[in-house]
Amino acid sequence: MQYIDGIMRDIKIAYIGGGSKDWAWKLMADLALEEALSGTLKLYDPDIKAAEDNAIVGNKISNRKDVKGKWNYSVSERLEDALKGSDLVIISILPATFKEMASDVHAPEKYGIYQSVGDTVGPGGLMRGLRTVPIFIDFAENIKRYCPDAWVINFTNPMALCTRALYEAYPGIKAFGCCHEVFSTQALLASMLKDMMGIQDVKRNDIKVNVLGINHFTWMDKASYKNIDLFPVYEKFSKKYKDIGYNIPGEETWEQSVFKGANLVKFDLFSRYNLIAAAGDRHLAEFVPSCWYMKDPETVKSWKFRLTTVEMRIAKDTERLKHRKEVISGVKELELNHSGEDDIKLIKAILGLGDFVANVNFPNRGQMGMVPCGAVVETNALFSKNNVSPVIAGKLPDSVTNLVMRHVLNQETIIKSCLKKDKDLAFTAFINDPLVTLGINDARNLFNEMLSNTKEYLPGWKI
Amino acid sequence: MQYIDGIMRDIKIAYIGGGSKDWAWKLMADLALEEALSGTLKLYDPDIKAAEDNAIVGNKISNRKDVKGKWNYSVSERLEDALKGSDLVIISILPATFKEMASDVHAPEKYGIYQSVGDTVGPGGLMRGLRTVPIFIDFAENIKRYCPDAWVINFTNPMALCTRALYEAYPGIKAFGCCHEVFSTQALLASMLKDMMGIQDVKRNDIKVNVLGINHFTWMDKASYKNIDLFPVYEKFSKKYKDIGYNIPGEETWEQSVFKGANLVKFDLFSRYNLIAAAGDRHLAEFVPSCWYMKDPETVKSWKFRLTTVEMRIAKDTERLKHRKEVISGVKELELNHSGEDDIKLIKAILGLGDFVANVNFPNRGQMGMVPCGAVVETNALFSKNNVSPVIAGKLPDSVTNLVMRHVLNQETIIKSCLKKDKDLAFTAFINDPLVTLGINDARNLFNEMLSNTKEYLPGWKI
Amino acid sequence: MQYIDGIMRDIKIAYIGGGSKDWAWKLMADLALEEALSGTLKLYDPDIKAAEDNAIVGNKISNRKDVKGKWNYSVSERLEDALKGSDLVIISILPATFKEMASDVHAPEKYGIYQSVGDTVGPGGLMRGLRTVPIFIDFAENIKRYCPDAWVINFTNPMALCTRALYEAYPGIKAFGCCHEVFSTQALLASMLKDMMGIQDVKRNDIKVNVLGINHFTWMDKASYKNIDLFPVYEKFSKKYKDIGYNIPGEETWEQSVFKGANLVKFDLFSRYNLIAAAGDRHLAEFVPSCWYMKDPETVKSWKFRLTTVEMRIAKDTERLKHRKEVISGVKELELNHSGEDDIKLIKAILGLGDFVANVNFPNRGQMGMVPCGAVVETNALFSKNNVSPVIAGKLPDSVTNLVMRHVLNQETIIKSCLKKDKDLAFTAFINDPLVTLGINDARNLFNEMLSNTKEYLPGWKI
Amino acid sequence: MQYIDGIMRDIKIAYIGGGSKDWAWKLMADLALEEALSGTLKLYDPDIKAAEDNAIVGNKISNRKDVKGKWNYSVSERLEDALKGSDLVIISILPATFKEMASDVHAPEKYGIYQSVGDTVGPGGLMRGLRTVPIFIDFAENIKRYCPDAWVINFTNPMALCTRALYEAYPGIKAFGCCHEVFSTQALLASMLKDMMGIQDVKRNDIKVNVLGINHFTWMDKASYKNIDLFPVYEKFSKKYKDIGYNIPGEETWEQSVFKGANLVKFDLFSRYNLIAAAGDRHLAEFVPSCWYMKDPETVKSWKFRLTTVEMRIAKDTERLKHRKEVISGVKELELNHSGEDDIKLIKAILGLGDFVANVNFPNRGQMGMVPCGAVVETNALFSKNNVSPVIAGKLPDSVTNLVMRHVLNQETIIKSCLKKDKDLAFTAFINDPLVTLGINDARNLFNEMLSNTKEYLPGWKI
């Protein structure tokens, strides 16, 4: 890397999961729109064809005249080749196929267990974790060997488990995890300002918040816009819409999109805890006792959000594949829009081009009270040259800590079960998940069935 | 107090709940059998008649020739009079009547929530806590005023909450809580030694254990008899009896007594956590998700323990009353048997008559890992002159900590709700109890009903 | 307060020590140059005349046409009047007279103890602390009563002790302490960049640092300018100038000004600890064993800094008084220059006008490892609307923690001795100060003499 | 090992430093007098001849008819042979020769630095630590390899450093360190009871104390005999003898023996801190600023203790050698007296033959407040079968913590310097020792000289 005339040149980025049709494309667009950065990006993916397609797309973009940030995209067939000499490593992977995902999400249904997402906690999140953690352990060991000083940005779910696994395998790693769920809540608050106070054009970034919790189950205990404390406003706002729900004007409604909700879960949680839950309702609902919001599909519907089926995910994926083909063939040109993520700002800050405060998933060093040190939590952090320093976020009230801690400790158990390939230990996490409301025998049957469905991704386990 | 010729004379004890027909009688017998202690014991009880009856019984005992420890029993009409000048304060109370207890235990049943005891956690334990904590706050304030240096021994449930309340109101208090559930598990292990290894006549006290957890949900992670590690023995023992259950020969079975179990819950927990749960099955079952052991009365029966009804409690109480009358009238003479409790040993240790190690309920000063400081936990402690120093017990594995922490944090929430008389805060504890598996509306209805049933004991609350 | 069209209007500030000729004037200038803030400023000072003079100066400035921030200055005769309704409280006081200060600095000299400043640690710092802490206790109690939600900015030394005292007396206070010693070190690093690498015009604010330690004994373990890590540069720099010292071109040298040094102490500390000590040499030298830099005046001279005499302080004060008179009489006009402090940026951030990260003195909430919670430490913090959240700074290496901890624990002892007015306890802090190298008898004599010299400011003490 | 009829048979003990003429003999006598233990003891010592002599002595004892505990003594030429299969490992070594010890104790004298012992802290203690830690690292690695489950008892100084090194190299080790300095203070208190209250025949063990601190700088904040609080008695006692000193009747005085003191340091420390320092004056004096008690030989004399010269140590050693020869040749028979140490009780407790509470050197797990976890501290612990659980001792007042922490952090620095063979890091510990009162240049010269004198024992260091 070299800093010349305001531009950081020759940055070397390894992108693990380089065949991605979502995060990789967002990053390509964001890099293209940023003039202060340039360099090379090596795409690594077990699906080499997908990585090659992405390299074609990336280089097409770089050749366009309207593009500010020039990057050279190539494919690395081996992880080692991608990592060597890297300044940054980006990880966005999705292990296993839709078959395993179908088991994660739908196998529990015959036992009366429903999941709105199934990728973070619940039976599905656990299975996904068991599959993904060993892969991240492997990544961390390779990073230690080939680019120990690189910064590692993780976009993969289950976010907390994956990031935790990186530090478990290589405690000296410089890694953090990024997620945009908090941004959506900032956007909701901006929209609220227009709805309740007539304040127009508030940007997401101007909503200042104190964030604390774990990924997809994050909370705000302070929120302001300029000199306005947003809590009294939100109290009225949440009461106003507690029955009909609230939709940011212009966005799809929960009836239109399976990925949307009407914020009723958020409003309900506020009524009890006086805190703003800062993730989509579909995520939040999975972290609390299933009797609250997910007893059965009718209950889910009454809270105005939907259960994502794997069929829907397949449809979305097919659409993206089609889009990529069209771009490669030249039928369509890629529209370059900022993704709305903070990725570029974080990268610039770490390279020394301007300090920045943002929410991030990071091992607890004391930024969040009550939670054990080392567990990955989500709070604000100060990003600066070669450094991420968490900002002390304080602690949640005991009643909310209680909801959060259950998952924190479960995740610690899951990590240990992965390291030991210990089925019995994983089972103790399974039966303590708030969505698992089964007697011991049923629990064991479902657990064994799900584990068996995903055993291809659990080498070395006795299943 | 004066120490003369091996005897501590003129000890002044205040007994709050002096009309008690259970703990008070045990203490009277134990004191009568102990030659190294003597003095006066002031009984205080809102039910003065009961206290007076006990004083008669106590003095009758003291006048007997076969008695070693001579004590003078009197009644104090005001708490203040009992406390002034006391060296020791003993608290064993049972606030409210069987009417409130009936609501605690049985009101939840129409919502499908069953409780085997209902005095520690669960909806019933919460209500009992809300009633009892303010009374203990008042005791602590009086102790601070009238006998700030006295040692306070609590026998009242919910043990952790009551002891926690004493420290909340008077942080300088010298208090601890005693419970015999761990003793029963030591007795079980002694019986196991005979059953599995033919070792006869092992005393409960010779089973050495490391204890950690919270009252009625305590765990042993080490247990030995002389040079024998009891864990491998227990593993075989629990497998041998995992279906038929185990009954200590000579004791009542779970079919004979509603207060007994067959240890199936304990054996099941061992199969998962490799730890010995150290309380009766009836207690243990209430601390974990209700789907495990308490889904419905059939499930309870299949685990070979029973739901205590309030009717049974009334019957037991009537029997005790009758016994007291007979003793007072001289129809019967009291049999003086050691209670099997450690009370006398603890008192002697605190007075300087010999150090002693025993399990105790005490605020966490670091003796138990992961649990916040100040929460009342149960571990071993070293009792010595004017001093209780907890022994560091280490930490439970994450999966068990997870089960325990849920109640620890709930109890912190309950304490705060009592101090603020805050119904909404108490509700957040209610809905996070593992026995409460209701949707938000049902939960609120049951909570309000139960609160209303006990409102006479919640002065100042908005109900 | 009201936020209208980008300006926060009607801010109410109480200035305790409003007769100040140093900090008050800096603030007046800074406020005058800031367009986003306006309101009223109430000056409170036991020396009413001084406050009145400052009010005249302040209003003169506000009436000038070239001034952007309009403020109305008035004098409050009673502290209560100044505080009521305040949004902000600023404290910059200097209790006692030059007579007491002369004892602080010079009384120890006859025992061979020399001090370069004598206001933070050492025998002089201790005495100043004993005088000042009770005053701050009183301030905190008044703030609690009259403006409990106001933010309190402290500029008074001993910084850590004074800020600590505010939190001791009113734990809910929103207070922090500001000091510019770190800024000078940032300026030194900026100057170094020119000297070593030819990089011109680097601003102090563009030197990004991680700060940790206690006031006047603060350390940097990371420092960068854009993408440049400054540590390798500083290593060479400090070796280059380790004998002759380094003076920022254009600034007074240590020979010219008693308040300057040649950075030899800083360079020497770097040679041992590989950390950049971030305060003036005169301050740093007082925190370490006196044999290192302060054995006697010759040793001091050999390290190229000077012992400040009280005579010099009197001279400086007289000069300032003269300047004020001239400004009031109109002989001179005040030049309005930015002070170089961060005060305005911090105030704006707290009022919601833009987040800001700066170093600050604040109770330890975990931002600094090894140091007990509650002790006032100096690290970076994120300032945002109605909030100061420390940034986790990590921990110093054990050898430096060792030097710092000695003062942290001494300060805890001093606070306790002030609260109890306990001379014997204060003496235990005295004899553990690294500058006090006396036998017990000599130590007691010097301590008693110094205490006696300042006893007028120690009401209630038995001296 | 086998437990038969009340006796633990076939215990295997490895004794590292088996040629010892002090601790080994004490242990032999204690084992001979204990009927509940028997087995084999393998002596390992680089000085094989010494080990062989001890084996002869040991077996001679075992063959005597009046002996209760029968042990078979043999010599292991390789450490590995001694360790394999061991149940217990005992370490009492003294690396280097009197030449190095002479440098430790006397080299600093020409710089005006005096040491009364020079084996724990001060320049001498540091050098001894640097020599000994690597040897203990090696022991720990061998124990991990050859007898990972053995219990390890360390009698070697510097106690805290050596024990800390064992845990650093093998965190799973089951090790603790034993020292008798606290016993002497218990004996002093027993003697005080006779002197002040006429109570006769009090045994050392009946003095119950709460111990906290670090080895040779340990403190009691509670002490009692039966129901008597010893603090008010000690206050009067220490005043009564504060000038003339106190000698336990029948013991040698400080004038008679260089290893004795008159407790003036202890009494002086009590006058300031209201705590009983629980080690010999010669040790205590080395932990505090040298100006207090060790400025020069006259000061030392005025506090009525003496500087141990290496000459005296040589004389003592020669005497012991002579004694051993006489025993081996049969000229003399060994008198079998209990050593007064707790060693046998601790061994029995760990083997399951009865729980026991005693003071011990053990890594901090929370038993001592303020001190970082992992640092080796001295407090009480509960010894039970295969277990040592520290008793929570609380924390020292800040002013005493301050004195202790300086050494705790220095010891952490020393451990790190040993691991890295980092001379510069060791130097930072050296200059922060309270006995080192030198300017930087003198300090560096003395340090280099001492390091050079001991370099034979520092393989791999750049000296």
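In order of appearance the chains are A, B, C and D, and numbering begins at 1 in each one.
Here, contacts are C-beta pairs under 8 Å (C-beta built on N, C-alpha and C of every residue); 3 or more make two chains touch, one makes a residue touch a chain.
Values in this document were obtained by computation on a predicted structure and should not be read as measured data.
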Study note, to complete from the structure: Shared touch partners for subunit C + subunit D come out as none
Study note, to complete from the structure: Max Cα-centre separation from subunit A goes to chain D
Point to revise | Inter-chain centre distance, subunit A versus subunit D - centres from mean C-alpha coordinates, in Å | key: 55
Practice item. Report, in whole Å, the distance between the mean C-alpha point of subunit A and the mean C-alpha point of subunit B. Key: 46
Practice item. Note the residues in subunit B that touch 2 or more other chains, in rising order. Key: none
Practice item. Treating touching as the only link between chains, describe the layout with one word: line, ring, star, complete or other. Key: ring
Check your understanding: Considering every pair of chains, which are in touch?
Key -> A-B, A-C, B-D, C-D
Exercise for review: Using the touch rule from the top, collect the residues of subunit A that touch subunit B in their complex.
Suggested key: 268, 272-273, 289, 291-292, 295, 299, 370, 372, 397-399, 401-403, 405-406, 409-410, 412-413, 416, 424-425, 427-429, 431-432, 437-440
Review point. Where on subunit C is subunit A touching in the complex?
Key: 1, 3, 8, 208, 210, 222, 224-229, 351-353, 355, 357, 365-367, 380, 382, 384-387, 389-394
